[in-house]
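Two complexes, one shared chain (chain A), two partners (chain B, chain C).
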Partner chain A sequence: EKLAAKKKRRKEREALGDRAPPKAIPKTIENQRVYDETTVDPNDEEVAFDEATDEFAPYFNRQTVPKILITTSDRPRGRTVRFCEQLSTVIPNSHVYYRRGLALKRIIPQCIARDFTDLIVINEDRKIPNGLVLSHLPDGPTAHFRMSSVRLRKEIKRKGKEPTEHVPEVILNNFTTRLGHSIGRMFASLFPHDPQFIGRQVATFHNQRDYIFFRFHRYIFKSEKKVGIQELGPRFTLKLRSLQKGTFDSKFGEYEWIHKRREMDTSRRKFHL
Partner chain B sequence: SWQVVWDTLGNKQFCSYKITTKTQNFCRNEYNLTGLCNRSSCPLANSQYATVREEKGRCYLYMKTIERAAFPRRLWERVLLSKNYEKALEEIDENLIYWPRFIRHKCKQRFTKITQYLIRIRKLTLKRQRKLVPLRRKIERREKRREEKALIAAQLDNAIEKELLERLKQDTYGDIYNFPIHAFDKALQQQDAESESESDAEKEDDDDEDVDKREFVEADDSDLSDFEDMDKLETSSEEEPEEEEEVEKKASHSKSKGKTPLKGPARRKRPYIEIEYEKETEPTTKTKAA
Partner chain C sequence: MAAAARWSHVWVGAETGALKGVNLQKKEATNYGTDWTVPRGGAGVCALCWGEPTQSELLVGCRDRSVKLFSTEKGKFRESRVCPGGDGPFCGLAAYGSTIITCVESGLIKVWPENEMEKAQLELEAGAGLCRMRQDPTRPHRLGTGGKENALKVWDLQRPQEPVFRAKNVRNDWLDLRVPIWDRDLQFFPDSDKIVTCTAHRQVRLYDPRSPRRRPVLETTFGEAPLTALALVPGETSVVVGSAQGDMAVIDLRQGRVLKCLKGAAGGVRGLQCHPGLPLVASCGLDRFLRVHHLGDKRLRHKVYLKSRLTCLLLSTQQDWEAKEEPPPPAEVKEEEGDALWDTMETVPTPAKRAKKRKISGL
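Let's turn to the complex of A and B:
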């Protein structure tokens, strides 16, 4: 009967011709999203001031070059290891080190001593990577994500080659609230600030309904209005679990944001990023 | 009487502490010395018995003697053993002097094993402990479903393409890509207005951006419609006598939107175009851009 109603409506519209009322906009979750008071306004001064003075300011002022350490939890299995390697090819200036039982609290001072700017820990469970801890090193915020649907490079349907050594561009989509903004800046600070356009590679962090999708593409401008993209590089989705103010510390850390299931998952149209 | 106890409980009838498996019988009694169900290790069937048990990290020696058999409350006598391993062994010997060899020996063995596992516990608690967080099935399923829906709603490819085109428009790429927009837009309009005319257009081959251009040459070869675009290119270039770079092909793609109204006349022109096209492409070699 829905079909019948639809057909009738379409006939009416055609019958009316030009005088038909404009088409009704379908309701999507994005349309109905509960208004979040921390949404960032592009002209907000307070936000701009905050961003100028927070921990990423030196990066955005081009004073520091990002240097990233990628590691895993104990005893990584093959899939995680390969994922780490691919991730290190995607992110320029990154190194993978294995962790043989070293405590995070102890390797953080070592990293700072060796001038690393960011630390990525990929947590593994049952032979697949399922968590990501990203911490900005000189006493920067630490974000803990749950990682899902990880696809390695060979599982992606494409015919391209591996990413080259060029610095990719970064696209951050849809990070609207304050929290989303800070997470977006965290991601941006992983990549060197000057992308090499010759490489024509782009890394995308797209936020949709609190899920952050990461993709890595190579693009070609076929013409002025058409661009072709070819996916290379791994892909994964992240969901933010918690954001800590200082570096990684589970006991004494000051949590800026934790995902509290009971409070935050009540409405289907309320998102935090 | 102890023999009677053993005959009934141990062998013939039911003992609630006894667990039988295929190869062995175990005794679940907490005062049992070895853990097996034997005539010599049953605390119920022996008048004189001793065990070593630990509580909260401290080891105690428990002893049972015949004199106290009538007082169940006072049956088991408890002696705290010293933390020092050797001293504790001496204490066991002191307390169990004149006791059967079997019990003494087994007590010491049990004490050794207990101290070893206590050491291990202490070492492990110093290292990082893995905290197991249980998954909640309903929540997992919900998250997965939401992720899928979010993925569909995201339309990543479109979003990325849009963003890239935006950046192109805002000139973040600088001068790498040359799309002479305005020229060709004007040309399009003029073409729509006028009737077509034949032309000998002069084009320049700019080999500046070889990489991109070479790619485009290839693409053009494969696509028939491009010939029509090439045609428009010809006509437009004659109207706009400015020198264009090699990027007409790119421009031709951009005019694909306005292609349809011109299909008729364009087709007539195709044979001419082909000739010109061949001339141009002969010298250029086709290579794949990395």
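Let's turn to the complex of A and C:
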């Protein structure tokens, strides 16, 4: 019945020719997204003031250089270890350390003493990495993500050679709400400020429907408008579970945002990031 | 500005240092007292209280140890004074007559006279690690303090040497270990002598200084996250608590049960207050929203997005919350025109549902 209606409409359109009405835009979930009142207006002074005085201000004022510590949960299996190594080639100025069953609360003061700015902990379950805790160090916010669809370099088809030591560019897509803004700034503070365009490498954090997709490419301009990209480096998707105000503290931490499934997932068209 | 100030139902303090007056009918907030062009960190609002019982003045305590006086009639900050001494931000502010009482996290309570130039009249040392200081609303010379490893103490300003009531910790738990104390918020009951506290170890405790026991009379646990805010429901039998993960609930104090859960908050709750007349409770938190719930049917009545993280709030009871604004006249005129239009059109009879009838007869 629907096919018949479609055929009829197409015939009418062809019959009318030039005078046909424009095609209707199909409804997608992104089109129908419930308007979020926390969407950031680019001219908003209060948000700009908030961002100028929050924990990432020293990074955005170029007072600190990011130095990142990557570690895992205890006793990581081969896949996670290889993932950590590849992640450390992607993020410049990062160090991987083996977690010898140490408590995070004890590691954090030591990291602050050694001038680390960020801590990434990759949680592993049943030999695959499935969670990421990203903590900005001198008492910065801590974000806890669920990580899925992790692909190592050898599993990516048509990949290029290894990522070089050049500082990549960073693309942050579609972080519109206030919460998305904070998370976007957190990701941006992992990478040094000045990308080296000689390296032609770019790391992309693309947010769509509350899932953040990470990809790492090398691009080459074939002509003015045509670009060729080669995917290198690991790829994974993240979903934000919670954002804590201080450094990682599971017992007494204060949360800025927690995902509550029963309350927040009631509408298919409402997203928070 | 002055008119807007008088129309604010709720006053909220934010971490950026702004004082916001929120009008719930229009769902708008107006900012007072910040200059957004000068980036100046560390000036967040820590404490808010009414300067006078008539609710015409607000005392705003900021992180840089300054206390500002804000007049709701004029909509402007009238004066500001710096209150040094002790370490850490303010954890409590109160007004007593014409003096201001400030309390700092390191435990120093000071009474400041009206005149700015003079030094503190009175100083009290309440122990380190304080989280909250509150004033008894019926007897303003009594203060209660509580903090981390600092049990509840009730002080009387007329006898500053020793606390009037010092609470004792509960007995050791079933493993014979000492139960840690971390009082995050406390409230005095208006008519009786009782005090209720909520702790970051998820406990709600009720103390009665008149009884011979110094241990809590009632203790209940709630939730999995530290309880950060507490408010009394008028009627003295229940309290509303808010946690660091955004769980808010009404707890009955006679039995220690959870009566209702208020949903919606996604971040830690920092400020809670119930309206004395209407069954409404307002909450503000780190997720930058101000929410007003109805206590009877647990529904969310108002939700306002305020763009910074919120730390404390005060309800203004002088406003008439139920009053609705008059409908603007142009809308009425438009309705009349529409009616006239409809009257001039002829009525078209609706076609009888013949198709369905045919199907039925076909059977």
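Keep this in mind: the second predicted complex is superposed on the first by the 272 of 273 C-alpha atoms of A that agree within 3 Å, B and C clash if a C-alpha of one lies under 4 Å from a C-alpha of the other, contacts with A are read in each partner's own complex, and residues count from 1 in each chain.
Keep this in mind: contacts are C-beta pairs under 8 Å (C-beta built on N, C-alpha and C of every residue); 3 or more make two chains touch, one makes a residue touch a chain.
Remember, predicted model here, so these are calculated numbers, not experimental data.
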Exercise. Between chain B and chain C, positioned on chain A by superposition, is the outcome a clash or a fit?
Worked result: fit
Exercise. Just chain B (first), just chain C (second), both, or neither: which does A:E30 touch?
Worked result: first
Exercise. Which of the two partners, first being chain B and second being chain C, lies in contact with A:I128: first, second, both, or neither?
Worked result: neither
Problem set entry | Included angle at chain A between vectors to chain C and chain B, based on C-alpha centres and rounded to the nearest 10 degrees | 110
Exercise. So, does A:T53 touch the first partner chain B, the second partner chain C, both, or neither?
Worked result: second
For this session: Would you sort A:W257 into first (chain B), second (chain C), both or neither based on which partner it touches?
Result: second
For this session: Of the two partners chain B and chain C, indicate the one touching more residues belonging to chain A.
Result: B
Problem set entry | Which of chain B and chain C A:S223 touches, first, second, both or neither | first
For this session: Could you tell me if A:L16 is touching chain B, chain C, both of them or neither one (first, second, both, neither)?
Result: neither
For this session: Once the two structures sit on chain A together, report how near the CA atoms of chain B get to those of chain C, whole Å.
Result: 7
For this session: Could you give the residue numbers on chain A that contact chain B in one complex and chain C in the other?
Result: none
Problem set entry | chain A residues within the chain B interface of the complex | 28-30, 101, 103, 148-149, 161, 164, 169, 171, 173, 197-198, 202, 204, 206, 208-211, 213, 215, 217, 219-227, 229, 237, 239, 261
For this session: Could you please specify the touching residues of chain A with respect to chain C in the complex?
Result: 37-38, 44-50, 52-53, 57, 178, 245, 251-260, 263-264
Seminar exercise, completed: Per the touch rule above, chain C residues touching chain A in the complex are 15-16, 18, 31, 34, 36-37, 39-42, 200, 225-226, 228, 244-246, 263-264, 266-268, 286-288, 305, 307-309
Exercise. So in the complex, which bits of chain B are touching chain A?
Worked result: 127-128, 139, 143-144, 146-147, 149-151, 153-154, 156-157, 159-161, 163-165, 167-168, 173-174, 176-177, 179, 181, 212, 215-216, 219, 250-254, 256-257, 289-290
